[in-house]
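Labels for the chains are A, B, C, D, E, F, G and H, by order of writing; each one numbers its residues from 1.
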Amino acid sequence: MSSSVLQSQSGDNRLSPDNAVLLMIDHQAGLCQLVRDFDVDVFKNNVLALADIGKLFKLPVILTTSFEKGPNGPLVPELKAMFPDAPYIPRPGQINAWDNPDFVAAVRATGRKKLIMAGVVTDVCVAFPAVSAMAEDFEVYVVVDASGTFNPVVRDAALQRMVAAGAIPINWFAVACEIQRDWRNDAEGLANLLAKHLPHYSNLMQSYNQQGPAK
Amino acid sequence: MSSSVLQSQSGDNRLSPDNAVLLMIDHQAGLCQLVRDFDVDVFKNNVLALADIGKLFKLPVILTTSFEKGPNGPLVPELKAMFPDAPYIPRPGQINAWDNPDFVAAVRATGRKKLIMAGVVTDVCVAFPAVSAMAEDFEVYVVVDASGTFNPVVRDAALQRMVAAGAIPINWFAVACEIQRDWRNDAEGLANLLAKHLPHYSNLMQSYNQQGPAK
Amino acid sequence: MSSSVLQSQSGDNRLSPDNAVLLMIDHQAGLCQLVRDFDVDVFKNNVLALADIGKLFKLPVILTTSFEKGPNGPLVPELKAMFPDAPYIPRPGQINAWDNPDFVAAVRATGRKKLIMAGVVTDVCVAFPAVSAMAEDFEVYVVVDASGTFNPVVRDAALQRMVAAGAIPINWFAVACEIQRDWRNDAEGLANLLAKHLPHYSNLMQSYNQQGPAK
Amino acid sequence: MSSSVLQSQSGDNRLSPDNAVLLMIDHQAGLCQLVRDFDVDVFKNNVLALADIGKLFKLPVILTTSFEKGPNGPLVPELKAMFPDAPYIPRPGQINAWDNPDFVAAVRATGRKKLIMAGVVTDVCVAFPAVSAMAEDFEVYVVVDASGTFNPVVRDAALQRMVAAGAIPINWFAVACEIQRDWRNDAEGLANLLAKHLPHYSNLMQSYNQQGPAK
Amino acid sequence: MSSSVLQSQSGDNRLSPDNAVLLMIDHQAGLCQLVRDFDVDVFKNNVLALADIGKLFKLPVILTTSFEKGPNGPLVPELKAMFPDAPYIPRPGQINAWDNPDFVAAVRATGRKKLIMAGVVTDVCVAFPAVSAMAEDFEVYVVVDASGTFNPVVRDAALQRMVAAGAIPINWFAVACEIQRDWRNDAEGLANLLAKHLPHYSNLMQSYNQQGPAK
Amino acid sequence: MSSSVLQSQSGDNRLSPDNAVLLMIDHQAGLCQLVRDFDVDVFKNNVLALADIGKLFKLPVILTTSFEKGPNGPLVPELKAMFPDAPYIPRPGQINAWDNPDFVAAVRATGRKKLIMAGVVTDVCVAFPAVSAMAEDFEVYVVVDASGTFNPVVRDAALQRMVAAGAIPINWFAVACEIQRDWRNDAEGLANLLAKHLPHYSNLMQSYNQQGPAK
Amino acid sequence: MSSSVLQSQSGDNRLSPDNAVLLMIDHQAGLCQLVRDFDVDVFKNNVLALADIGKLFKLPVILTTSFEKGPNGPLVPELKAMFPDAPYIPRPGQINAWDNPDFVAAVRATGRKKLIMAGVVTDVCVAFPAVSAMAEDFEVYVVVDASGTFNPVVRDAALQRMVAAGAIPINWFAVACEIQRDWRNDAEGLANLLAKHLPHYSNLMQSYNQQGPAK
Amino acid sequence: MSSSVLQSQSGDNRLSPDNAVLLMIDHQAGLCQLVRDFDVDVFKNNVLALADIGKLFKLPVILTTSFEKGPNGPLVPELKAMFPDAPYIPRPGQINAWDNPDFVAAVRATGRKKLIMAGVVTDVCVAFPAVSAMAEDFEVYVVVDASGTFNPVVRDAALQRMVAAGAIPINWFAVACEIQRDWRNDAEGLANLLAKHLPHYSNLMQSYNQQGPAK
């Protein structure tokens, strides 16, 4: 039963800098006010951590927004600033990003089959393109903690829907670790990212640095 | 494995004004007192939002009640008032609405295969007809936040049961967005619905309207 | 110790249509996005219920806002619409409404000593004027469920601070019942208010009405 | 400061079969639907446990209801059945039971100063007469787990209000133990009560009985 | 995929008085102390409700215990008293009831394929025989709210394990309704059961009875 | 108002090895099954940590039990083993330990006025003697996390009652630190205690020890 | 009773840049691992927000640590970096900072009576010096969300203890607003601080800036 | 569908001392600080209980760590002490233990196909090798309560991912019972383990022992 699910996640077919693309969908100033299944500080940190992962591993990144001139508001400025050269598709009306030809073209242009998706709100802006992409044989990794929505009941239903359709649920830390594979591949890059986005890991590093390497 | 699940949700086979019917099952004044997995204000809002979706998109709607002359009580008056011409089937005794021939006839009369279901209580009034309908090759979308029951443990078990049998869990906001597809299809209709049922979205609109369109 | 607290709440000194004034402080579209200690549907209902109490009992009502032309946003439109003739004090900068002479003058003009206060956010927009007013010998009733803030830890601290300083914590339902005193004083007015703002009470009324008066 | 609070709770002035009266206020079938700060099974058990305490220690008990012919509904039948001879005051309209002369007369007729109060809802049906009674120098013990209301925020505010005014918060188990004082005063009576209302204590007794007295 | 799951739950193959057997596993006085994923009052009520369902529909019932002479303690006395003639298998040591030949023989003797299982603790006393029975082609309905264990994390894992292996999660209320099928099949029997085990439903009945049948 | 509260906690009047006595009340195997406001592992750890504090600082310790031959069960064996020479008062029936003359005599024999109290259950076995002792001018420190009861609602009510009567709420870690005063007073003793009872502190020590003293 | 509490918080005696000092106590890399009553991201944000308040209003700030060469670890580096010139008192052993003469001298040197205190852990590093300082007639404002400890039960007990002794509980946002008093006193400074530490306020500002000033 | 899942868990193919190996992955002093989905006391107990199961049933045990000389810190000392002779693989950089040839070799050397896995953090250190091992036809039992991570959202996503790929979720108590199979196989060994790691079971044993065998 689960053999295909397994094959897409194991051996050399794991997430890597060469086979994945990061899709940041509708992280807009207005829409983010709807997110209530995470504390605001936690959600901001998670979204920026995922973006930093995109930067660290030089993943292709695609940004898109929905109706950004209206109440949904502009893309949060940090994302725009981090990826000035990424394809940026302000959708004129399509709710499902996969209904926008420019967005799909940008995804296909990367030549990659593994889509790392996060967005606001999970049940619509993530779930819709996730289902559409899987129907066209893409593999979808849903970043559960960089996607937000109204409440945990809605989030759980959205995840159940996507997982039943074949999506792989994952969190930003696991995305980072799966792509990194080995601490020896630029340990400093990963360490900096963790120090910035995991305060308890940063504290471990402070204590460690105070005392120098283990005996 | 999940290919059939995917096919029923993607491309032109998504929820639309032309392929779905809305079933409101046993939202009765007495039975609603049993609902404790949602705050009362939240649940009322969710049920009325789903009903407004039925109206906005002119979906065929079917209402049914169980034993309404007894302690279960009458249908909540808002639903009756909103759909005066919808088929209304007060079931004389069948607990599973699908056991009532008039109800099934009303569903079949719509000629539609996609059933959007919500009801009280989730584990019985929704789960029973959901399983029965799927056994006759209907596709069932369970609206998790417009269905209520005794507590979260019961809700989760009912959803697990239905999802394992093939049902698609969804929330009212996602139903609205999936049918709307594009903001440009009557943006005002959807905006009004959201303003009415999402106080934080309404607040976004107030702030936006105060200042006029984005520069 | 508690004798003065008791005297201000008992006998003929209870909240009444003749001795209380309702202060609605900074319920603005932007600021309301900060409120996360209540579900959005619940909070909206609570605020409007309190406003309806003001209307039902013809209490003097005073509205005020903070910096409403900026990100804090305009007063939520329902409040403006309900009290078109109430004193409305858009504060040019004072965070504590009690620092605004027009606001204090409006309160003093009512000649009343019992202040029913609600606002956003609890720890600032309610707590600051509450403390200031009590220092000038007003009695403060803080409506805990029509005031909102960042999270329960902050709310609890704000309430502890106000209660230690002599404030009386209360909820909108208790405000209504304390002023009503006896169901026979316009039972229909109160019943309508409860039916509108307490869905479970509305359900009780539906079931009751279906069957007529008790035998 | 707290010396008077202490004096009323210590030495020979503790709750006893001879100095306390039990007031059961508005435990009506309709009003109980509003109670959401306790699970329904838990709340039912707590209320009946408190009533059994009244019976076991032969406390004077006074029953009262609010508007029982309307949606508030009749007194729950178990209470009526347990205390057929207790004063029963169906209030024609007064929300605060202490505003009803028959109720106050019934309390005064017992000649007791310690009032054990429980009711639905905590913030009104308990808090109002509690404050009124304390203003007339009665001592009030609020049974927090046999009183119910809309949600924990409201409950906590109501308790803060009553405690600031001098009330003593207590739970049914502590009421039983304080009156019992010594297991040797009818150990079987108390044991039966605990076995009936504390399933985990009942389980202890089963295991114990299987094996006989400790060696 | 889910066609077999569906077939076993629909049409004439639903739970009925003629095709199901109720297995009550290890509800012992000692073991019940380990149950912490439900409030004690709630759990007791759920277990007795399920037992009453067995009685009401005259289901064959099988009782079993594990090591009842030791700390696990005796079967809770209510179950013993309700089913004096049911097969009762005190297992001398087997943890998985399905490893006990007498237990399996008792199940097979009923000639039924649908097993309604509840027990303490969920992850062992329910999960083990559930998996074993399914491997021998029985259908297993796990009553999630009449089974208890250490905490929700363990419960969820146990349910995930059983559901992945084909078990149907259900709650006692849904068991009752699925077997009842139609209120007209002995409405009084079901009503009595609900009145006894659902306090809020009992309250609905009280209010209803006070007023007589709907107009 | 709070000057006396302050004086009893500051300067040389703080908890010290010379002015405090530790009272462990009714931590019995049966009664501990009733404790549900703490996870079982957490509660066990807290109780033993407090006992270790008694040992570390050579505080006089007094043990007492209620009805230990019945279902309440024996004192948990760890406490008996740790304090073989402490006064041990198995109360024949008094629920309030302060009603037992031997217990009070044991307390008075220490000549100390500061009572550190913990027990099962908080609302009875702690609250009753706490109130009684304060009425006789003892100072009571209630160890909130080494005392347990039925649920958080009951715990909070019990603490409100005791605090209103003058008790000082405290946790075991704060007891240890207040008595220790300065790390330089036997740092190793305190460090060992923390390593044993605070797994996260133990982890800090492991990491630290691996690397040696800070540079 | 509460008149002194009121006087210290009202009129010209409120927190201001001229009358308050900020004490940051034991925010060390190791000790922060013990904090579990706040999410790590939330706590980090709260602590840095309070520090930024110190900077914005040029409050005197005093830093102190406990045993920083051992497992408690170094001060978190952000605080050190922000206040390079602040008095920094690494305590050699005193657990209560008020027992350290250098710390008290630094406080007294500011000539200020209002102490804004935050620290790790709340029940010890904050509660001890809070009680000691109040005994010497300082006024203590405890910043509840920039202080952390083991769990909410411990936090609540520590706050109850401090409030009973006269401390004023407050949160970082209220500290900022109380000192700011009027938006017109450097609105930009406060706005920047809020944008940095309140993601939902930052989103309001983004949406606002997109559209320009209100009409 | 689920037949293979069933076959691997039933009959003679259940977990046994002869077919399973226990993998303890990255339980390091530093990494454990990141675990926030369990209380620290609970998690420590769970991990040590699982280790004791390995000892009791003489399972082959394999220990591994990630980057133990850096901030991740050393293996918690209890595990090292319990299994001095177990293969111990400190990984020089591989995040997924399955990428380390020594680790895989150690697993293969046991000749066993059933892997009992626990680790820190669940979403990486457990999920990665779980997926890799299943892709090579091992059966994976994930011990959900001896594995820890950042928060419940992440844990649930990690479990969903692993279960979808075929893993069996289990808890330490169920592992013990499944391997034990029958109490008569060394009842004392299991009883000691339970007494040590289940305080409520230990209390049952104390009460039982006080009274001797059941009559």
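As a working rule, a contact is a pair of C-beta atoms (placed from the backbone, for glycine too) under 8 Å apart; a residue touches a chain by one contact, two chains touch by 3 or more.
The structure presented is a predicted model; accordingly, all values stated were derived computationally and were not measured.
Looking at chain A and chain F, the chains in contact with each of them are G, H.
For the pair chain C and chain G, chains touching both partners: A, B. Sharing over half of its contact pairs with A-F by residue number, the repeated interface among F-H, B-G or C-G is B-G. When the C-beta pairs in contact are tallied for B-G and for B-E, the bigger tally goes to B-E. If you average the Cα atoms of chain C and of chain H, the two centres end up 54 Å apart.
If each chain is reduced to the centroid of its CA atoms, chain F and chain G end up 30 Å from each other. Here the CA centre of chain B is 42 Å from the CA centre of chain D.
Contact of a single residue of chain H with at least two other chains is seen at positions 1-2, 30, 33, 39-40, 71, 73-74, 198, 200, 203-204, 207-208, 210, 213-214. By the document's touch criterion, interfaces exist between A-B, A-C, A-F, A-G, A-H, B-C, B-D, B-E, B-G, C-D, C-E, C-G, D-E, D-F, D-H, E-F, E-H, F-G, F-H, G-H.
Those residues of chain F whose C-beta lies close enough to touch chain A in the complex are 204, 207-208, 210-215. Interface residues of chain C facing chain A in the complex, by the touch rule stated above, are 33, 36, 39-40, 151.
Here chain E touches chain H in the complex through residues 1-2, 4, 30, 33-34, 66-74, 92-96, 99, 121, 123-124, 127-128, 131-132, 134-135, 150, 153-154, 157-158, 160-161, 164-166, going by the rule given at the top.
The touching residues of chain E, counted against chain B in their complex, run 1-2, 5-7, 9-11, 38, 144-145, 155, 159, 163, 168-171, 173-174, 177-178, 180-185, 187, 198, 200-201, 203-205, 207-208, 213-214.
Residues 29-30, 32-33, 39-45, 71, 73-74, 76-77, 198-200, 202-204, 206-207, 210 of chain F are the ones touching chain H in the complex.
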